[in-house]
Amino acid sequence: MTIVLGSNRYGKAENRIVRIYRDTPRHEIHDVSVSTALHGDFAAAHLVGDQLHVLPTDTQKQTAYSFAKEKGLLSIESYGIDLATHFVDHIEPVAGARIEIEEFAWERVVVDGAEHNHTWVRRGQEVRTAAISVEGTGPAQQVWVVGGLKDLVILKSTGSEFAGFMQDPYTLLQPTNDRVMATSVTAGWRFMTTDVDWEATYAGIKQILITQFATVHSLALQQTLYRMGEAVLEAYPFIAEIRLSAPNKHHFLYDLSPFNVANNDEVYHAADRPYGLIQATITHDDAPDAGPAWDSYTGLV
Amino acid sequence: MTIVLGSNRYGKAENRIVRIYRDTPRHEIHDVSVSTALHGDFAAAHLVGDQLHVLPTDTQKQTAYSFAKEKGLLSIESYGIDLATHFVDHIEPVAGARIEIEEFAWERVVVDGAEHNHTWVRRGQEVRTAAISVEGTGPAQQVWVVGGLKDLVILKSTGSEFAGFMQDPYTLLQPTNDRVMATSVTAGWRFMTTDVDWEATYAGIKQILITQFATVHSLALQQTLYRMGEAVLEAYPFIAEIRLSAPNKHHFLYDLSPFNVANNDEVYHAADRPYGLIQATITHDDAPDAGPAWDSYTGLV
Amino acid sequence: MTIVLGSNRYGKAENRIVRIYRDTPRHEIHDVSVSTALHGDFAAAHLVGDQLHVLPTDTQKQTAYSFAKEKGLLSIESYGIDLATHFVDHIEPVAGARIEIEEFAWERVVVDGAEHNHTWVRRGQEVRTAAISVEGTGPAQQVWVVGGLKDLVILKSTGSEFAGFMQDPYTLLQPTNDRVMATSVTAGWRFMTTDVDWEATYAGIKQILITQFATVHSLALQQTLYRMGEAVLEAYPFIAEIRLSAPNKHHFLYDLSPFNVANNDEVYHAADRPYGLIQATITHDDAPDAGPAWDSYTGLV
Amino acid sequence: MTIVLGSNRYGKAENRIVRIYRDTPRHEIHDVSVSTALHGDFAAAHLVGDQLHVLPTDTQKQTAYSFAKEKGLLSIESYGIDLATHFVDHIEPVAGARIEIEEFAWERVVVDGAEHNHTWVRRGQEVRTAAISVEGTGPAQQVWVVGGLKDLVILKSTGSEFAGFMQDPYTLLQPTNDRVMATSVTAGWRFMTTDVDWEATYAGIKQILITQFATVHSLALQQTLYRMGEAVLEAYPFIAEIRLSAPNKHHFLYDLSPFNVANNDEVYHAADRPYGLIQATITHDDAPDAGPAWDSYTGLV
């Protein structure tokens, strides 16, 4: 029985880069958190502490900041591809790179009815995400891109039921035909190509997710999620699959009957924990292999 | 030397109440966190554990939820006045009540070009706040209302300087005539009346704060804050004073010169800590006494 | 009606300083977050953006780090006094300074039965705090020191009641004669002198707070808090007053009766929100004036 | 090209269960957060909203609380096995269950030199974790158990180098032969059996991790992690593999030379972001298949 080094990676997490475009008086802002992770033949560093083939995480940071100017930072997907490809192509011991990016949205303030040139407020709604994996060099090089979002908190005050469910001896829940349904959507969608209008696609997918949540009469959060994902795949044939994670942010109807106050679905307690958590993948049945596309750097390797 | 009970209060913090108005198909939502605090003659509870005059915090919670229906929850200021007055007027041992409220904004989603009737996304920008203090009963009763906001994150990419400052042996900072200025505004404004259009006033003040931040050419965050507050007081004569707290969320220009990359105020590092913190009060010189208006329940009593 | 600048202050918040003492192989560590706030005649900065009398917040930061070596960082109270006095004595426009410090505790790891010389784990229990205010110069100079702690989470599984309380139409709560009582103590104690063994006093007060919580049979959290504070004042006559803030971290007995499972005070749900919040001051009746001792920098000025 | 439902699961996350053992005056406390996730044939719920085979997440919650009494909650690993097995064995549509648990440690307070019977403070150091996956029924049933911890913050003030690393045009970092090394360890270890003394094993592994961190002279965090993992596998042959994730919590030596103050590795700035992030698996070369052992419920399915 031999003890060996298994999978491993390293990098610099959460570089907080803000890129201003200021070539005209109307500036543009891109505000991101970038994490880089490299893997390859780094066994010597682990086994004997030899750093000869280890590109410091500080160097990865410097590169990430410099690329915001050298390559530009307009779409996080293309910036991430540039950065990942650089590490794989130019740093010899690197076999593969993963870049994870969060983008924080700002909206231009309006002054005297006009959008201001160089002032914004944080929009604070959802966070846009991207994860790029590049493996190998030359003709064998493969690139996986996952776009996504998180923290999209959405609520409907009617049009949602939960009834007809399974019963066992621990089942106390009462069925309901009209409830508040709320969630905080995390979604990732995997592209089958990099020839994409990243900005338009992001906006389109977000609108589809919202529209489906609003308009599907929901018999369960599972059903709503499926319809959200299905609509995205129907609209964008170059997306292989979409994965959704949705906490059921419970809003419990508050019992006001002891006070002789009618509560006709009007007053709720918004609970913190516990919460239901529903996760689903909607995919093409012949989707290409996902490879490392979903191997998040925030989990254990 | 005698040990005695000093100031004290108690209540129920962070009741997460969601109120839906659904009298027409176009629902409305109000999503708040309500904290109640009572003070009065509660010495027996402290000194000998006698609860005879202690209205349980659970009862305060029940009241807060029920009032969302009984009194309605349209403006947090008026709801807070209703709740505070109730405790002072109807619970005999209570000499004064303080209600602190945070309101989380939702915006209606747009589906097929039209605002949806019953689906929203959390706007996630600033949190609106209110603090109501009521002291005494009958003709002697006094009411203080402080409106406010927090977490309004705002940034300008030019139009901000910091130069000509004091020097001492620990001063290393270089002056700058063009920098990114960003902050997360916390503000509270004290009303001199309760005869107010709370919704219009909130919207108006927020717009003034944003407009001043955007349009004042800033020589220092102090100057910007003063002008923000001054403009609010000029526009709303029934506001006695405004208090502002603004962290200087530093954006440091990133040095790309080692890589022979020009950085013309384009690439920044957004730092977390430490941060400058500027606080100021802008007030009428003859403002009426603030009483307990600013005695926040989140601090020590 | 004239608009004027009211109270104001500025500084550098959350400097994360780690000080290692390494004069012998047995190192010592002090890990703190330091915030500095200055006030004085800074009207020109607010009114016209003139920085001539403004010591930059960056300079305050440099001073805080340098003083960790120059003056040492053994007790946060004495370090804070050094720093506050420096700003008031040596920076001409400064009338008063406030230093707020949090200290994070580390405990030495044990290897082969012996404490290790230079390795620690974060203890992660309570955070020790100090707030120092210095006003004026020369013989008129006054110094206020408040020691304290926060996040001391403590629980007792019996020895706590809540019964005999006031009833009104909104009261649903049932009395109980045996409950779990848990809280997260925030405490501040104000010294009447600076001639104090800071380390021994901190350890002594923490032990008293814990002992009283454990051993007082509690009829209400109010009563427990009073006894905690009273015991501190009895033990340390140089403490003028102590202020306590204690959320009632509710542990609700879980109803297992639908499953025919007995729950003899054994299974609880630990709730997040809402929570009761009890605050009290225990003081000497002739305590000297508190001055600015309690004017926390985290609130509005 | 057909759109289909891919992998999916659902459950109740973050049930905050506190279990008191009170059969003698010396009580015991177990404080956990339990998440349950089920998978199986739930396609009807997704595709057409049919709940007939869906055991509500509320029922999963009720079961988790009841099992804390019915089965007991002494070791989180065995409690998790009981709960997972229940869902797979007794809920017909369930093909597999995953239970994830966090345990928060309390330590008995000491009063008058003796441990108190029923009062504790939260220890607040690391959080113990467990993840149990059960797949299939009857003789084909398989069980995977991963023990672990997170948030073990550990620091050494000497005995750590980083030098001799790779250089590229973006490399600015200077080598160092004496630095502060600090991290917050997340670890998971996979058992090859369920016949384990869970408590002794947890304590033993934690001690090994700490000892190795303290005593290995570190040439890189990678090397330290490998030695930590290797030592665990050497001591516990029934552990198949251990996975470690360790942020390099940078402590930057503060430059005091402008003030003519010597800083002999004594004053540091503790930085928040960005941070290095090192991840590694140390494994037996013939470890059995990991199956779903590492499929965390907090990520996308």
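As written, the chain order gives the labels A, B, C and D, with residue 1 at the start of each chain.
By our rule, a contact is a pair of C-beta atoms (placed from the backbone, for glycine too) under 8 Å apart; a residue touches a chain by one contact, two chains touch by 3 or more.
Everything quoted here is computed from the prediction, not taken from an experiment.
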- Task: Treat each pair of touching chains as one step and give the shortest count from subunit A to subunit D.
- Result: 1
- Item | Most distant chain from subunit D by Cα centroid | B
- For the pairs A-B and B-D, output the one whose chains share more C-beta pairs in contact. A-B
- Rounded Å distance between subunit A and subunit B, as computed from the means of their C-alpha atoms: 31
- Item | Gap in Å, rounded to a whole number, between the CA centres of subunit C and subunit B | 23
- Using CA atom averages as chain centres, what separation in Å is found between subunit B and subunit D? 38
- Send over the residues of subunit C in touch with two or more other chains. 15-16, 62, 66, 170, 172, 258-259, 272-273
- Query: In graph terms, with chains as vertices and touches as edges, which category applies: line, ring, star, complete, or other?
  - Reply: complete
- Footprint of subunit B on subunit C - complex, ascending: 1-16, 33, 35, 37, 42, 45-59, 61-63, 66, 90-91, 93, 162-166, 168, 170-173, 186, 188, 218-220, 222-223, 225-226, 230, 233-234, 237, 241, 243-245, 247-248, 273-286, 294, 296-301
- Message: Help me check something: in the complex, which residues belonging to subunit A touch subunit C?
- Response: 169-170, 172, 258-259, 272-273
- Message: Help me check something: in the complex, which residues belonging to subunit D touch subunit C?
- Response: 15-22, 27, 29, 31, 62, 65-66, 68-70, 106, 109, 111-112, 116, 118-126, 151-159, 180, 210-211, 213-215, 251, 254, 256, 258-259, 261-272
